[in-house]
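After this come two complexes, each holding chain A, first together with chain B and then together with chain C.
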Partner chain A sequence: MTLRKAVLLGASIAAAGLALASAAQAQNEQFIPGLIYRTGAYAPNGIPFANGVADYYALVNERDGGINGVKILYEECDTGYATDRGVECYERLKNKGPTGAAYVNPLSTGITFALTEKAPIDKIPVISMGYGRSESRDGSVFQWNFPLLGTYWSAADIIMQHIALKEGGLDKLKGKKIVLVYHDSPYGKEPIALLEQRAKMHGFTFTPMPVTHPGVEQKATWLQIRQNRPDYVLLWGWGVMNSTSIKEAAAVGFPRDKMFGVWWSGAEPDVRPAEGGAKGYHSAMLQHGAGQFGVHADLKKFLYDKGKGSAKWDEVGEVLYNRGLVNAMLGVESIRKAQTKFGKKPLTGEQVRWGIENLDLSAARLKELGFEGMLQPLKVTCSDHEGTRAGRVQQWDGAKWVVVSDWYQSDDKVLKPMVDAAAKKYAEEKKLTVRDCSKES
Partner chain B sequence: MLGPFLETLIGGLLTGVLYSLVALGFVLIFKASGVFNFAQGAMVLFAALTIARLSGEIDGKEVHLANFVVAAAILGVAVAFIGWYAWREYVARGAGPGERRRMLVLAAVGALVGGIAAYSYGKGAWPLWLAIAATAAIMGLLAYAIERLVLRHLVNQEGIILFMATLGIANFLDGLGQTLWGSDIYKINLGLPKDPIFLFEGVFPGGLLVDPGELVAAAIAAGLVVVLAIFFQKTRVGRALRAVADDHAAAQSVGIPLNTIWLIVWTVSGLVALAAGLIWGAKLGVQFSISLIALKALPVLILGGFTSVPGAIVGGLIIGAGEKLSEVFLAPILVKQFDLAGGGIENWFAYMLALVFLLFRPQGLFGERIIERV
Partner chain C sequence: MLYREAGQFKTTYVADQQIFPILQDRVFVLAVTVVAFLAVPMFASPYLYTEILIPFLILSLAAIGLNILVGYCGQVSLGTGGFMAVGAYAAYNLWLRVPEVNNLVVVFLFGGVMAAAVGILFGIPSLRIKGFYLAVATLASQFFLDWLFARVKWLTNYTPSGSVAVGNLSVFGWKIETPADRYLLILGLVVLATLVAKNLVRGHIGRSWMAIRDMDIAAEIIGFRPLRTKLTAFAVSSFFIGVAGAMWAFLRLGAWEPLAFDINRSFQILFMVIIGGLGSLLGSFLGAAFIVLMPILLNQLPGWFGIRMSTALLSHLEFMVFGAMIVFFLIVEPHGLARLWAVAKEKLRLWPFPH
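Right, the complex of A and B next:
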């Protein structure tokens, strides 16, 4: 054998060995797609969230060697927050990995609406944590949707409870004027139904004011606000729309402490560009806020000290970064739950769906995971795909977010009938078979 | 009622001046080359991003040193290039074959000097004036690259082909800008006043609110518009530009250097993009959405005509005022009367307004009436 042949043979054997090894490894990987956006108009808000998600999956692989030994295979696809591109990303990624996508996080209410129709066919659960259709918490109709931690109806309800508390009771809302400045999209329109309901109940005037994408031109809206002089302004914006709203509020002299944003309008990129103008501005919290907790120490030890983190260290602990962590953790724990029933191997979307529906995170378990102080316990069931309806309110003090309220629970006496009616209507329109949750284990 | 109306009108007019500024960039290039430059918005974003990143630390985060060095090197090359070009044009017209080598040496020296300058500034931010100068140079270089790599090869092609080429440039620039400089929201601090001014408080309850930042921005924009109008109407280069716009071949035949004219017009348009980027960036923060502002210029162009500088100005004012007034006063009535689903009307209303104008003046408000013999 000549030297050349020997080298070729050796190289072939090595290549075959490598291919076999990587095939074997791929067989033991759980694929999770990431529909994110690091470019485009919404990138300033998309980037920190995407970093949080990527870091948490990397942490689970580095620290624990995967979920019970099953490594996470994570792939990002940039949707630019556009529904068409989101659906394209979903189609491209849904069948990847040995068992296809475990679940999908659309990170856009528009994409969630589009995927709600596709998910039951592909048998891939949609986790829309803190966004999506509010009625999709009804698991008997929306078997594949999981708006974990809170819907927009919950968010709007929590904000209204906070305002009522400041005013001295729900009855004191009578005669008040409340304006909603919203992103003119499925996302922005979500809270309108709840606010109209509350307006009817308590006798305040409710005026929704749309802002068109991407929300950089709001002069007309804020001149109307100046002329109408509402008592409070609620903000349902995303990306550059948020900071523009706060700047415009400052420009027309509307008091910032009478402004309440949803939890997607309450992160650092929303207030920092407005500089001093943002001081006093409030927002609802999707339970967690900014800051570092137990899990962050692990991130430093296993990722950032080794130069493997996605973000810069001083961005770790910002609101949207933390939200990315929470989002990824809920997914990982759902897979872990599903593994108790289906075995410690890569699972299909259908199996993971069972895991999400039976997710039960106690205070002790949250502490173990390093999320104590960020989240309250949550329990998902067949009939309740939201898991918890708790939230708080925070305020920007000019340099950082400060939690200014106790915990609120959105009022299910108001929400439940609305959810039931909307879900029933959806089921009738789409001719869906409604599950009987009393018979589900 | 009069108070809110006047307030909305003033706000609309001030915004309109800023629309005019973006529309001007389109008009300039269309006038001189018959190209509808779809990349104007991307140029605004690119210029604004470059200024913001060169001139500031962002939220205490350091700007990467490598970016400075690259930008400074580009600046150096650009300065050297401009020097060489001026020398060739005005001193040694028709110099020998050594010219290209001299240019390369000069560019290399420029890059080196620029790089050293950037390095000596270290990681700190550049002063705003230097960032603006550097960005102006970069825009000039960009114009040269566009002329050299894209337009030169498309002389005498159909307008639509040139238009499609600018679509490509737009997407390329959008991506390049974000890749080089990042996609966060960045600040440009022009020191525009922020506290609102209230006029005629004695006449109208609560007074008329005017945003002083917009007032200053509108004044800058207005100044720029005047300078450009004079440049086009009164200077020799301006006349040459208009000749090229009328007919490439005819202009060439009377000895107007087409490539030089295109270079000049794209540079001027790049500088207008810089001015627009500076003002819009200071107002909104610099990030991707700035490039979408260009869409706001489209109804202005439809209304004002693609070839008229005064058209862009008057069109901007009409669209600015029209869309704000319609949103504030017309939208609530429409929603109430016809029980509509709601939604903002200002975006599509601007186009509708422009289309209504076209019914009566198909060439736009100030556009040239085209009469051709058959």
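Right, the complex of A and C next:
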């Protein structure tokens, strides 16, 4: 036998053996795909998030032996934040495992938009926690989308409320100049509608300023800001764009404490590269912040002490790592909820969708899970796929994130009509039949 | 032995001027077409359709379009992504605003015609500026068009995020729903477009393009009008690219933002043309196959062999191996994959008795 034949034979035996092995254990596994990015311009932010997600699933498997005995089978696919690669990953993974993907976290607003069109056909729910299209919280139209914990309209509203509180009331915003520096993609454009609405209501001038992907070139934008001298700058960036913005703000001397980032612009990789320049910078919080809570003790005991963790222990408890944990936990709890109705076995995407829509996490349950202090209770319903609209504001003190505000609730008097109008427009454009949520149990 | 044309006599001009004068080529191309139309739908999985065949076919069409301009007419363009965007958004606006026209073929043709018009507009400077300078001018068109679709809200129907979506598509009453429907529609259009392109480049129009490419002053002296010739190349090229852009948006993405047609798309298609082979339609297909499929293949290969590695390592390996392969192919055959194919054919003619 020649070497080449031997190698080929060996490889095919290995492949066949692997296929057999995975077929044997696949009977009682719930498959969850992970669309993440560990490479590219957004990797500094993508890596800690991906580690958090992977660690939580591993923890559930190690500590509890899966979700009620159903092991989680998790597979990552690197999208590089590119929409076409993300769709490719989704198509590759959606039918894996005994029942296909339970749900999908696109981790990119662009991919969320693309998958929104596919979800009803494939019957796989899309959980876009803290991102995605804001009107998708209307579950009567967007049956398969779940922007849990908050949309960009909620985020923008919470930041505006915080600014108003500092100024002494919403009426004090009159005549102020507010600039939005945003990533020129669906992600960055999402808050514009809400901010324009607020500008109309309170009489401040609102100027959106786009920054093109990947966002390392922002000199022109910040020159304009230096000339215009706005009162506040909101930042809707991601990846290297965030740290670049903060560095540029320092370079043109814009006060960092008048700068407010969205929750995707408020993590350690965003502020650390700017070093001293980031001190005083604010960002909204997707409820949770940095730090270690109950669940982290379990992570240490079951994963990190055994050398099974995917991050370094120092990084556990960073903002984006924690967000990965929260993201995975909401998914796992949704599956657990769905199991109460459909039985303790691997579930299909359609069954898990019911679980997400009926997810109800009380304070006691959150404490049990070790997420006390990170999250407020949330309850998802047919008409409200967001679950909760609470948020806080944090500030970088040069070494760590400090929570500087109380809890805010985004103002549904402003948001609800906008959500309804946008969802209605979407349903009409796509000729969708709208569910009647009052008839859903 | 198998590939020998001894005994194939052409007794008429028609026989001599066929697209494929050699019997074996005719049989081969016919067989590939039959397999693509009949056999593939019998066994293909949705993944194969949506992630392999559909992107490959659409980008092949875009590469054919660019190859007409760069390979046949010698006008370097970096504005392909922009022209694709024109096709996509023109098609979208027709589809959205004139609901009576619920026929994708009409919608795509409209996208192509609008792209051709824009292509002519940006082709005008090509009369005065050449080579790298023209490349920079077309680069400007790319950025202008990017800006246009991101800023002019009417074009994206005032969606808050600038992302538009389409659904409920049909062609002559045939509802395009499953991946197989989309694949067959794309395949039909691409085959048709390739036939048109082939006949264009081997007819007098194509010859005038090649004359301009090889030496524009000489071509002008023997009677080709440079302005008209260059602008027809820009128009035809942009038409194909526009149709490809519309198909990419409607049949591949379904929901898209201007970012789908950014500068990277332009480079991607230019690389397809260069690696596939300048001035070769076959090269456009080979180049598209290489650029579209190779990264996906490299990304999945370790998994198929049961090798477990971290996602980050996998992605980095994909980049490195892919880059090395591009360098390898350009060193082995600077004229592209199509030239490798032609060399293989030459060898096959003499096989098994080379002299």
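Everything below uses one rule, namely that the second predicted complex is superposed on the first by the 417 of 441 C-alpha atoms of A that agree within 3 Å, B and C clash if a C-alpha of one lies under 4 Å from a C-alpha of the other, contacts with A are read in each partner's own complex, and residues count from 1 in each chain.
Basically, a contact is a pair of C-beta atoms (placed from the backbone, for glycine too) under 8 Å apart; a residue touches a chain by one contact, two chains touch by 3 or more.
Quantities reported herein were computed from a predicted structural model and do not represent experimental measurements.
Participant: Just from the overlay, do chain B and chain C fit on chain A, or is there a clash?
Facilitator: Here the two partners, once superposed via chain A, clash with each other.
Participant: Contacts for A:Asp184 in the overlay, against chain B (first) and chain C (second): which applies, first, second, both or neither?
Facilitator: both
Participant: In the overlay, answer first, second, both or neither for which of chain B and chain C A:Ala220 touches.
Facilitator: First partner only.
Participant: I'd like to know which partner A:Ala250 touches here: chain B for first, chain C for second, both or neither.
Facilitator: first
Participant: Answer with first, second, both or neither: which of chain B and chain C does A:Ala193 touch in the superposed model?
Facilitator: It touches chain C, and chain B stays clear.
Participant: Going by the contact rule set out at the top, does A:Ala427 touch chain B (first), chain C (second), both, or neither?
Facilitator: Once the two structures are laid over each other on A, A:Ala427 reaches no partner at all.
Participant: So in the superposed three-chain picture, is A:Pro210 touching just chain B, just chain C, both, or none of them (first/second/both/neither)?
Facilitator: After superposing on A, A:Pro210 lies in contact with both chain B and chain C.
Participant: Contact-wise, after the overlay, does A:Glu76 reach chain B, chain C, both or neither (first, second, both, neither)?
Facilitator: Only chain C; A:Glu76 stays clear of chain B.
Participant: Thinking of the overlay built on chain A, is A:Val403 touched by chain B (first), by chain C (second), by both, or by neither?
Facilitator: After superposing on A, A:Val403 lies clear of both chain B and chain C.
Participant: Based on the superposed arrangement, let me know which partner A:Arg38 touches: chain B (first), chain C (second), both, or neither?
Facilitator: Once the two structures are laid over each other on A, A:Arg38 reaches both partners.
Participant: Can you tell me which of the listed chain B stretches (184-192, 328-336 or 346-354) runs into chain C once everything is aligned on A?
Facilitator: None of the options clash except 346-354.
Participant: Identify the residues of chain A that lie in both the chain B contact region and the chain C contact region.
Facilitator: Touching chain B and chain C on chain A: residues 38-39, 43, 47, 184, 210.
Participant: Can you check the complex and tell me which residues of chain B touch chain A?
Facilitator: On the chain B side, the touching residues are 4, 7-8, 11-12, 15, 59-61, 175, 178, 183-185, 187, 194, 196, 206, 209, 211, 213, 284-285, 287-290, 292-293, 296, 323-324, 327-328, 342-344, 346-347.
Participant: Touching chain A in the complex: which residues of chain C?
Facilitator: 46-47, 50-51, 55, 96, 150, 160-163, 165, 167-168, 252-257, 259-260, 262, 296, 299-300, 304-306, 310-312, 314-316, 319
Participant: Mind listing the chain A positions that touch chain C in their complex?
Facilitator: Per the stated touch rule, the residues are 11, 14-15, 17-18, 36, 38-39, 43, 47, 50, 76-78, 80, 83-84, 87-88, 91-92, 95, 109-110, 113-114, 116-118, 133-134, 184-187, 189-190, 192-193, 210, 213, 422, 429-431.
Participant: Give the list of chain A residues in touch with chain B in this complex.
Facilitator: 38-41, 43-44, 47, 184, 208, 210-212, 214-217, 219-221, 223-224, 226-227, 239-240, 243-244, 247, 250-253, 268-269, 272-273, 277, 312, 314
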